[in-house]
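A, B, C and D are the chain letters, set down in written order, and residue numbers restart from 1 in every chain.
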C-alpha cells in the first residue's frame, strides 16, 4: 500500500521500518528532517511537509507525542486535512485525548476521509520486534483493510468498537493499570525495605507467584535497582497520559481516586526534577516520604 | 511427624487434610467441634481444648482468622503456650500483625520453644490442590526441618529471613498488591463502561497482553460479572488485612497513600453492607460513584 | 472615569451598578443583550459588541465565567484587544487560570495597554452591598489610579504584587481553602450524624468556638439543611476553579493531594447530577458513601 | 466539692489549679509524683496511688494522654474503679476513643457510679485562663450538678447528648476540622510561595477576609514562620487523635478520605522525625514534596 507516515520518534521509527520491510511504499515526514534519512536505506521517500506526506497516499499514519503535535500536523496551515484524498484512511497511533479523537472522527468524516484510532501497547523494543499490541477503533471494514499493516508491526490487534475514540479509551485505561501497578510496587517495596527486607527478594517472589506477571517483574526490578536514567517511557509522558485519563474521567464523570493519587505522585516527581527519568521513578516519592535514604536495600 | 493443628476454617481444613494424606499424625482442635469430625476419616485425632492439641506434639500449626483469635488460643487460660513442649515448633500460618508476630517470637523464645511465621498465598482451591505459596520466616534450620510439611501443602516455599515477622511483612505487602490491582481494575472498568465499552472485552485484552497476569483475568472477570456473593476471600477479611498493613506502615513510618485509599474503599463497601461479599466487591464503590447503574455493560 | 464593562452575570451586574452609583460613566456589553437594559435606569450605555464597549474607554472591566469566555471577548475577531486604546487599563475580575493571566499581561504590554488582574472574594449579596474583597495584581501606580473603582465595589483591596497573575494565584488558593473547609465539614457531619448526633448542634458549637468563623457557620448550615438548590456559587463553577488550581499546581510543580481529593468529590457530585447545585453539595458524596439515608439527622 | 484529680500534664495542671482557686477540695495523683507538689500551695492533697485519689471523692476527674493511660488508671490492680464510691461521678476529660468511652459508661453503670465524658477544646494558655470549651456527654442531671466545675475552668459548656460517648465523637470531629484547616493552609502556602508570593501576606489576607477566623491566623502564622519547635500540641498527639477518629469512622462505617490523607501526612512527618514538633509541622511535607527549599519566602 501507499502510505504517508508522520512522526519518527522512538516508536514511529521502528514501526515505519517494519512497514517498509513488509513491502509497503512509504513517504515519511518528521519535524527533525535528518530522521527521515534513516529510512532511506529501507526505500522510503522523504516529504518536506506534512501535507506532502499526506498527499496522494491511501493511508496516512501518524505517531506523535501529544494532542498538540497531532493537531498542528493535521490542522495547521499547509496541513494534512486538506491534502489527504477523499476515501483515504488516517490511522492515528498516538496516545491522544478522547476528545481530540472524537473531533478527528467528525472532521475526517466531513471531508469524506476515514479515521481509525489505533494506539499501541509496547515499548520501543517491542515495536522493533513487530510485537506491539494494537487496539483499533473505527469502521470494521476499514480496519480489515488495514489489517496487513497491523500484522506487519504487531502481534495482536483487537477491535474496540465502531467509534474510533473507543480505542483511545482503552489505551488510557490500560496505561493507568500499569501506573497503578508501579505505584503499588513502589509503596510495598518501601514498606518491606523499611522492615529491613530486600526489595528484590520480594519482587522475585511476587512476580513469580501471586501476581505471576512480567509487568511486575520488569517494573519491580527497575524500582529496586533505581536505574531510572534509561527511560523506557519518560515520566513526563506518563504524566501526560494520566492527565488525558483524568480529562476523560471528567468528561464521562467517573471519579478515579487512584488516578488522582498518581497525578500527585507525578507532580511530586516533576518537582524533584525527574521528568526525563523512566515513569517508574515515581517510586522515588515513596522512598523519600518514608525516609529510606541510608536504610540498606 | 506429630502435629497439633488448630483452626479448621476454609483454609485450615484442606491444609490439615493434605498433611494427613502425606502420612503425618495430627491432633486437631476447632472452636466448632463438628469440624474435627470431617478429619476423622483421614485418621486425625480430635482435641477438646487448644492445650490438648498442643500437648506432646513436635509441631503446632495454627491457622486462625485474626490476631484476636490467635492470641486467645495461645495465651488464654488453658492455653497452648504452657502445654507446648520445650523444643517444639509453632508454625503460625494465619495472616496476623507484624507486632503480634514479634511478640510471639519473644514469648516462644523465652519458653525455649521455636516459632516460624509461615503465612500463605492462595485461595481454598489452591489449598485443596496442595499448591499454596508459602513464605517462611524464622530459623533456617527449623524451616528446613519443617520443609516436608510445606511440601505437602504448597507448590513453593520462600524464606523471608531469620526474623519470623519478615514473613508477615511480605504477606501483608503481597495482599496489598492484589487489592491495588483490584482497585485499579475497578476504576478502569467503570471508566471504559461509562464510555459505552464492554468491561469484559477490556479485561480479556488487558489480562492477555499488557498485564499478562492471571490475577487480572480472575479479578477482572469477577468485577465485570459482579458475582461477589460467592466470596473466595471475604471483604471484611481484606479490610482486616489492609488494617494490619496500615498498622505496620505506622510502626515503620512508611506513608502508603494507596493503602489509605483502599481503606476508604473498604469502609464505603462495609457501609453498603458488602462485608461478606468477595473483597473484589470494593468495585461497587467505583460503580456507584460513577453512577453506572442503568448504563449497559 | 469612562469605563467599558463586559459581563453582566450575577457578579458583574451588581458591580456595574455600584460603579454607576459612584458616578462613573459606563458602556456595558453582555452576550444576552437584555441584561444591559437593566443598567439603563442607572445611566449606562449599551454596547452591541465587545469591541464597542472597549472602544474609547480609559478602563475596561471584564467579569466573565471562565478562560474560554474571556479569551473570546479579548481575542476573537471584532475583539477588544484591537479596539482598546494605548494607555487604557484592562481590569480582569474573572476567576481565570494563571497561564491566561500571564498571557494577557504579555499581550496588553505589547499593545502598550495596561493590565490589572483583580479577582474578588464574596458572593452576589456582598457584591450588591459593595463589600467585596479585591485582590489586585499589577503596576502599583495603575492600581492606585483604579482605587476609586475598587472602593466603589469592595470593602478592602489588597495588592498581591507587580505581576498581575499573582492575584489569580491568591484567588485560586483562597477558593481552595473554602472548598477544603466544606469537605472537612461534610466528612465530620457525616461522622457525627452516623453516631446519632445532630449536625446542626455540632456546627453551631464548632463555628462559635474552635473555628470561630462565619464560613464554617454558613456552609455548615447549608450542609446540614441540604438546601443546595439555591446555589450561592454553583458546583460546576467550583469544579472549574479547582481545575484551575490543579493546572496552576502542575505548572508550579506543587503536589496538592487535598485539591485532588476535592477533584474526585466534584466529579462524583457531577455524576450524581448536582452540577447546578451549590458547591457545598459535594457533601452529598460523604453522605451517600456513609449510607446516611434513613439515619435521622 | 470533694474532687479526686488524676493527670497533671500541661492541660491537667492548669485545670486543677483553676478548680482549687474556685474553692474546691482536691486530692491529686500524677505518675510523676513531683508534679503534685506544684499544687500544694493551692491547697491540694497529694495521693500516692490512683485509688487513693478516687477514694471517698464525690467527683473523680481524669485528664490523661491516651486510652492506654486511662485504662491503666481505671482498671489496673489498685485501680480507681473499685475505690470509687457508689454514686460518685467520673468526669473523663481526656481525648479518648469512642469505644473506650462506651466501655467506661457500661462499667461505671454496673458499679452504680456515674460517668460523664467531658473533653475540652483549647490549648494550655486557654486552660490557664479558664477559657476552655467543654463538651459534656452524659446524664443531664449529673452534668448540671457538675456545672460549677465546668464554669471554673471554661468559658462555655455544650451538652452533646445523654450518651457520654457523644462528647468524644464531637471532640474527634472538631480536632479533625482543625487538622484539615492546617493541611489546606499547608498546601495553599506551598502553592503561593512556589509562585514567588509571600506566605504571610496570603495568610494575613485570608484570615481577615474570606475565612475570618483566628484558627487560620494562628496556624497560618505558624506554618509561615516554621516555628514548630515550641509545640502547642504535639504532632504525635495529633496523629493519635486522627487514629481515634479513623477508628471511630471504621466503627460507624463512614468513609473519610480527608482523614486518610491527614493520616498519610502524619506518617510522613513522623518518618521525618517531627513527632515532637507542633502538629502544624505536617506542613513540612507539602513544602518538601513541592521542593520549596531554596525558594524565597
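The definition used in the following text is that contacts are C-beta pairs under 8 Å (C-beta built on N, C-alpha and C of every residue); 3 or more make two chains touch, one makes a residue touch a chain.
Small disclaimer: the values here were computed from a predicted structure and weren't measured.
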Angle (degrees, nearest 5) of the CA superposition of chain C onto chain D: 180
Fraction-based call for chain C against chain A, same above half, different below: same
Chain centre separation (chain A, chain B; CA means) in Å: 37
Centre distance in Å when chain B and chain C are each reduced to the mean of their C-alpha atoms: 52
Interface hub residues of chain C, defined as touching at least two other chains: 249, 253-257, 261, 264, 268, 271, 289-291
Complex contacts: residues of chain A adjacent to chain B: 98, 121, 133, 135, 156, 158, 160-161, 163, 165-166, 169-170, 172-174, 176-178, 180-181, 183-185, 187-188, 190-192, 194-197, 201-202, 205-206, 209-216, 245, 248-249, 252-259, 261, 264, 286, 289-291
Chain D partner contacts - residues on chain A that touch it in the complex: 257, 268, 271-273, 285, 288-291
Residues of chain A defined as touching chain C within the complex: 243, 246, 249-250, 253-257, 260-261, 263-265, 267-268, 270-271
